[in-house]
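Structure provided below as structure tokens; questions to follow.
Chain naming follows the written order as A, B, C and D, and within any one chain the residues start at number 1.
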Amino acid sequence: MSMITTPRYALLMIDLINDLEFPSGVDLLPHALEAAHHVALLKKQIKKLGVPVIYVNDNYGRWQSDFRHLVSHCLQEEVRGKPLAEMMKPDEDDYFILKPQYSGFFATPLDLLLTHLNVNSLILTGVTGDMCVQFTANDAYMRKYSLFIPSDCVASHTNEINQRALHTMKEVVKADISSSSVLLEQIKSPTIN
Amino acid sequence: MSMITTPRYALLMIDLINDLEFPSGVDLLPHALEAAHHVALLKKQIKKLGVPVIYVNDNYGRWQSDFRHLVSHCLQEEVRGKPLAEMMKPDEDDYFILKPQYSGFFATPLDLLLTHLNVNSLILTGVTGDMCVQFTANDAYMRKYSLFIPSDCVASHTNEINQRALHTMKEVVKADISSSSVLLEQIKSPTIN
Amino acid sequence: MSMITTPRYALLMIDLINDLEFPSGVDLLPHALEAAHHVALLKKQIKKLGVPVIYVNDNYGRWQSDFRHLVSHCLQEEVRGKPLAEMMKPDEDDYFILKPQYSGFFATPLDLLLTHLNVNSLILTGVTGDMCVQFTANDAYMRKYSLFIPSDCVASHTNEINQRALHTMKEVVKADISSSSVLLEQIKSPTIN
Amino acid sequence: MSMITTPRYALLMIDLINDLEFPSGVDLLPHALEAAHHVALLKKQIKKLGVPVIYVNDNYGRWQSDFRHLVSHCLQEEVRGKPLAEMMKPDEDDYFILKPQYSGFFATPLDLLLTHLNVNSLILTGVTGDMCVQFTANDAYMRKYSLFIPSDCVASHTNEINQRALHTMKEVVKADISSSSVLLEQIKSPTIN
């Protein structure tokens, strides 16, 4: 079909509520903080445009906890990911999905929530580019979502791994990996392609 | 295969954290309270035997709430289901799954949690027998779980509807619908069938 | 939303390619043949209206067979379900889904095919009313399809079981259980409800 | 748990029944044929050891065809993938799964079939390394299968893309990418790790 479909976005923030209390967390932290800085700006601007924000977050095997517990754990205890959680603190009107595995779509209601919100275009941000972002991107692609993965809003353990993951997502799932500022302009002033 | 498999149970409590603030809630309340009385006793006894307890609860379209919010909403506000929530108050070590639809398995991590807990036999309790209990039972049956649905621990809008649902689940998904006291004896003193 | 949605139908024929070579098959056969008579008429008429026809059929644990093998097995061997298969013979342009379990949606691409065909309303027919038709109806209801289950096009092992299943599907999943002739008139001459 | 689990393998052959009638098929063909040569040898040897073989094949949007039709189409018509199909011709006792999307697990009964066959270790082969093999590998990893992806049995449009995909699968989903001859020795003479 040659019909033109208006993009209806959601911003997905992947695994950014994260205590980083695993051995390689020390390597990931500076990259995650830098990406989080851009995600926080993007989130602030994009909410003004009415785009829903969904925290898609690992449950870290804590099946008896819910999202608010995870947020409290990361904010109130002396964990490595505390500065990250402080930047990424959810608002009351943000959505969240707890995922038990790498992909945000696996054994979760994410697809139902996106249908409920009438979304067809996903902005993926978070950590890590080669794992949870990549797995979520693949599953989104098979479900026919258009993908925007701003390169400055994704982090991995090294810049090299991150660049390779972004390149792969551009090639394989046809993601637009323009920076968050370019994406924001595009959302504000959509032009006919 | 003729191998004997030891039953490893989980107790599922379906939609018992429920404000009942819908028109027919007034009809359901007395039936739900009576079932909840039996569920509370069963839960207390069964936890002593190490059986995990999982609240499988509707999110009622509140995608920005989590389970603790639902519990607070039902306990602290003047809602119809308040006495029900008071009887069904979760413990810190109970598990929970928020479901967006009738079946506890649909678009949730319930099956993963049950695998994680190494469970092969489900005790289904809650409301309503002909809707969420029935839908969850069907999905459990297709996933090869043995089903125990104690007849005194399930409620529907009328006794007739409840009896018909129990009869159907006995016939179709081969559920054992013995009362909770009989089930408890069986768990305590398993005999070779 | 108060928008009016045009129904776009698909006819699902459940487990009608069936050798009936199981003990209770002898009881099911006459009921299945009677339903199949009505299904064959409905199929013929409805195809003229451009409604797609999908065989949703058990694989009977034959993971190395495909649908054409099942059809051949039922048509060419001296099996109990041979007269049924003769009435239900698929056309070249019919679709089919092999299901490994009771529900046509469980571990199959049925939902994707229905999306591909742009369908929002399902006409369920076949055997048995209390098992595969019921399980498929429940899963369809959770996926927001409107349901039409013509009472003369569904069969079970006894009339009583069939009537109870139809009643349940009318009550629980809001199925329209009008006969196939009434349904056909409705499809031909839709009126604003 | 520190228990030792015996590997129980299945060989998955991904998209090797393929007419290659798409623009880039001309680039893929020589790489696919070289991989198919190794897959054919591996298949022959591994079947002697009792390992089940599963064709996991795209349906190419042909919802009215089944696997045997796809095989016939590729064998009997003058299509680009004919020599590939000739090398990859299925035996009567091979299994097959038609997949509507990139991952062999998405909207298919593959996981059920693997459970039925009591498999915990997958040998992935086929095309293309960066697409269907990669997507299937990710989904297998989330379902806890051990992965063996023999580097000589996977092909992509260029060697560079193939190498990058293999590297990613080694790093991200912990796949053993040893060659098929090394894998075969390991299956024949398992040693305690």
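As a working rule, a residue touches a chain if its C-beta (ideal position, glycine included) is under 8 Å from a C-beta of that chain, and two chains touch if they have at least 3 such contacts.
Predicted, not measured: the structure shown is a model, and the values here were computed from it.
Novice: Pick out whichever of the two, A-B or A-D, is joined by more C-beta pairs in contact.
Specialist: The greater number of contacts lies at A-B.
Novice: Distance-wise, how many Å sit between the C-alpha centres of chain A and chain B, to the nearest whole number?
Specialist: The separation of the two C-alpha centroids amounts to 34 Å.
Novice: Residues of chain A that contact two or more other chains, please.
Specialist: Those would be 101.
Novice: May I ask you to sort the chain touch graph into line, ring, star, complete or other?
Specialist: The chain contacts form a single closed ring, each chain touching exactly two others.
Novice: How about chain D: which of its residues touch chain A in the complex?
Specialist: Touching chain A from chain D are residues 101-103, 106, 130-131, 134-135, 138, 141-142, 164, 168, 171-172.
Novice: Please output the residues of chain D touching chain C within their complex, sorted ascending.
Specialist: So the residues of chain D in touch with chain C come to 63-64, 66-69, 92-96, 98-101, 107-109, 111-113, 116.
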